[in-house]
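Before anything else, here is the set of structures, which you'll find just below.
One chain, subunit A, appears in both complexes that follow, with subunit B as partner in the first and subunit C in the second.
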Partner chain A sequence: MLTIDGLKEALRNAQSEIEANKDTLTDLDRAIGDGDHGINMSRGFEAVASVLDDDYDSLGALSKKVGMTLMAKVGGAAGPLYGSAFVKAATAFGEAKEADFTLVKSALEEGAAAIKARGKSEVGQKTMVDVWEPFLNELNDADDYAAKLDQLVQDTEDMKATKGRASYFGDNSRGTIDPGAMSSAIVLKAIMKEVG
Partner chain B sequence: MKKLIGEANELVSQMVEGMVHAHPDVYGRVEGVNVICRADGAKSGKVGLVSGGGSGHEPAHAGYVGDGMLDAAVCGEVFTSPTPDMVLEGIKAADGGNGVLLVVKNYAGDVMNFELAAELADAEGIKVDHVVVADDVAISNKDDRRGVAGTVFVHKAAGAAAASGKSLEEVKAVAEKVAANVRSMGMAVEPCYMPVSGKPGFDLNEEEMEIGIGIHGERGVERKPTTGVDSIVDDLLDHLKKEVEPGEVAVMVNGMGGTPLSELYVTYHFVAKKLEAAGYTLKRKYVGNYMTSLEMHGFSITLLPLDDEITNYLDAPSAAHGFKI
Partner chain C sequence: MLKEMAPAVPIHLAGGLEDGTIGTDVNRILEVVEQVDEAALILSDIGSATMNAELALDLYEGDKDVQFYDGPIVESAFVAAVSAGNGMNLEQIMEQLKHET
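Right, the complex of A and B next:
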């Protein structure tokens, strides 16, 4: 079961993982983007951490607040994408105070759909979508999520980017893991850990 | 890398603070946000013109705020699109009751954040439309092209059209006409350094240069051994000439922030000679720093085909510090 406190814990863990991987995310983005993904995600999740001390009466309310905070603090492309994901997930969580695996999965699926719609992107373009969509498609229970996420992140390495700033590099975008895929795995892992 | 800054995270707000304090006749600041608006506020009845994006491109975009050009510039973190709530503040500051046009450079983040802001403004009853600029010929797929220095011509022409009292639809048509025809391409011999991380956007050794760079410190589409500027200009013009027919044009040789003016004029010298030899008439010429990438050492060339309408808009008065006429 994912409780309100559980989701808060997940977001705190996501923040510390992003902080720990800030330089890696930025270095990946330097290679195939503009080198600010770690900096932006760190700023955004720091802001998220600061709203976690407030009281929320539902998972939906918390998720919506997190989405609005990310939208306002991350900037770049990641801000609207992560922001839209949490805002849309909030509609699936609704008034629920706790969510079982099935509800968490459908909330995350709403999130993935929001990312695809906002970014006008599909699987195979070397973006966040390459983690969110296949991960949720293959997710049958709350276990064994970490290895799957790691593999999906790794799979973006050989892809050629056709969306986002990395697409400017064409074939030269191969050989580098997509930083958005990596940060997506961090966030999804943190949430899945609290579901089990 | 050495930088003349205070706390790196405060760079943008301190820059905005400095600009407004230095030029109180032209600039105002929207309270509490990094949005620069006109000192005299939104002009009633005039279509508002808003642009912005990441910072680090100065004088873009705040330098183009002023009578005859932009009404507000939204200043995101360095090379990072501003957030929708910030853009919304810019829209409100520019709204004179007759609609607001957003000039957006074609980057995924900018397009998403400005679109979200337009949705928010729409919900508040402000009429908003937007134009996306994608002038960078370094990218072959036209939908993926970045918005670079040619955006300044869109600001100028749309700003003049708005100042002349045109409607939102008419101002948008002018902006779209310029955006549809303007073409740019850039290069760098030295990268720029991100203020927060202190790292260069890309690593280049002494003998290398990047051709087809964007304006966010990202690598170019091609890395080559360095040559003299004469042949670099040939290289960039080869791409531009494929898309801009010989005829009357405005040409801009734009510095990337760390290029001495002497080198920009040397560059311009070659650009002008080669274009004239190829049958182009350089009706308007602009040489200087218009759309930079921090301290990057490089330049871009922009060509805009001219007719009487666009020429008049380029020549119309402007109080903007970055494009004073």
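Right, the complex of A and C next:
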């Protein structure tokens, strides 16, 4: 079960993981993007952490606040993408105070759909979609979430980027993990851990 | 240059974050859009700004005609400002942009 406190804990853990991997995310983005992903995600999740002490009466209210905060604070493409994901997930959570595996999965599926729509991207373009969509497509509650997510992140290494700034690098985008895929895995791992 | 070419056309900047650093903040874009008198055209430079511009339009609840054009920012801004200065409406400007940029 994911409770309101559980989602808060997940977001706090995501924030500290992002902080711990800030330089790695930035280095990956420097190789195939504009080198700001770690800085932007760190700034965004720091702002998220600061709204977690407030009281929320539903998972939907918390998720929406997180999304709006990310939209305003991240600065780069991750802002509208993660922001839209949490805002859209909020509609699936609705008034619920706790969510079982099925509800969490459908909220995350709403989130993935929002990311695809906002970024106009599909699987195979070396983006965060390459983590969100395959992860959710095959997800069931007996899975080793962390291992699956790590594998999906690793799988982006050999892909050629055809979306976003990384696509300017063409074939040279191969050989580097997609930073958005990596930050997606951090966030999804943190959430799935609290689902139990 | 735009101000010189089309002095009567209002041009607002909505880039940057709250603290003035690089990036875009959808709320800042919305604030500008909400001040629009009649109609407005939003232009952006890179992908993240484009996404935030489109997000701002999704969130905008006003009734003014506000549209986004995804094209090269310098050329588009030039064409749009001069066309607006010559009295074209937003629909005509969008057509013009599709031809010229």
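By our rule, the second predicted complex is superposed on the first by the 194 of 196 C-alpha atoms of A that agree within 3 Å, B and C clash if a C-alpha of one lies under 4 Å from a C-alpha of the other, contacts with A are read in each partner's own complex, and residues count from 1 in each chain.
Definition applied: contacts are C-beta pairs under 8 Å (C-beta built on N, C-alpha and C of every residue); 3 or more make two chains touch, one makes a residue touch a chain.
All values derive from a computational prediction rather than experimental measurement.
For the overlay on subunit A, clash or fit between subunit B and subunit C?
After superposition on subunit A, subunit B vs subunit C: clash.
With the two complexes superposed on chain A, say which partner A:Thr26 touches: subunit B (first), subunit C (second), both, or neither.
Only subunit B; A:Thr26 stays clear of subunit C.
With the two structures laid over each other on chain A, which partner does A:Gly119 touch: subunit B (first), subunit C (second), both, or neither?
both
Which partner, once the models are overlaid, touches more of subunit A's residues, subunit C or subunit B?
B
Quick check for you: in the superposed arrangement, does A:Asn40 touch first (subunit B), second (subunit C), both or neither?
both
So, does A:Leu81 touch the first partner subunit B, the second partner subunit C, both, or neither?
Both partners, subunit B and subunit C.
Which holds for A:Lys105: it touches subunit B only (first), subunit C only (second), both, or neither?
Once the two structures are laid over each other on A, A:Lys105 reaches no partner at all.
Where does A:Phe169 make contact in the superposed view: on subunit B (first), on subunit C (second), on both, or on neither?
first
Just one of 19-27, 73-81 or 217-225 in subunit B hits subunit C in the overlay; which is it?
The listed stretch with clashing C-alpha atoms is 73-81.
Would you mind listing the overlap between the subunit B footprint and the subunit C footprint on subunit A?
36, 40, 71-81, 118-119, 164-165
Quick check on the complex: what are the subunit A residues that touch subunit C?
My answer: residues 36, 40, 71-81, 83-84, 118-119, 164-165.
What residues of subunit B sit close enough to touch subunit A in their complex?
Result: residues 54, 76-85, 107-109, 112-113, 116, 138-139, 144, 146, 194, 196-197, 199, 201-202, 214, 216-219, 221 of subunit B touch subunit A.
Contact residues on subunit C for subunit A in the complex?
For this pair, the touching residues of subunit C are 17-18, 21-27, 46-48, 51-52, 54-55.
Taking the complex as given, what residues does subunit A use to touch subunit B?
Within the complex, subunit A touches subunit B at residues 23, 26-27, 30, 33-36, 38-40, 43, 71-81, 118-119, 163-165, 167-170, 172.
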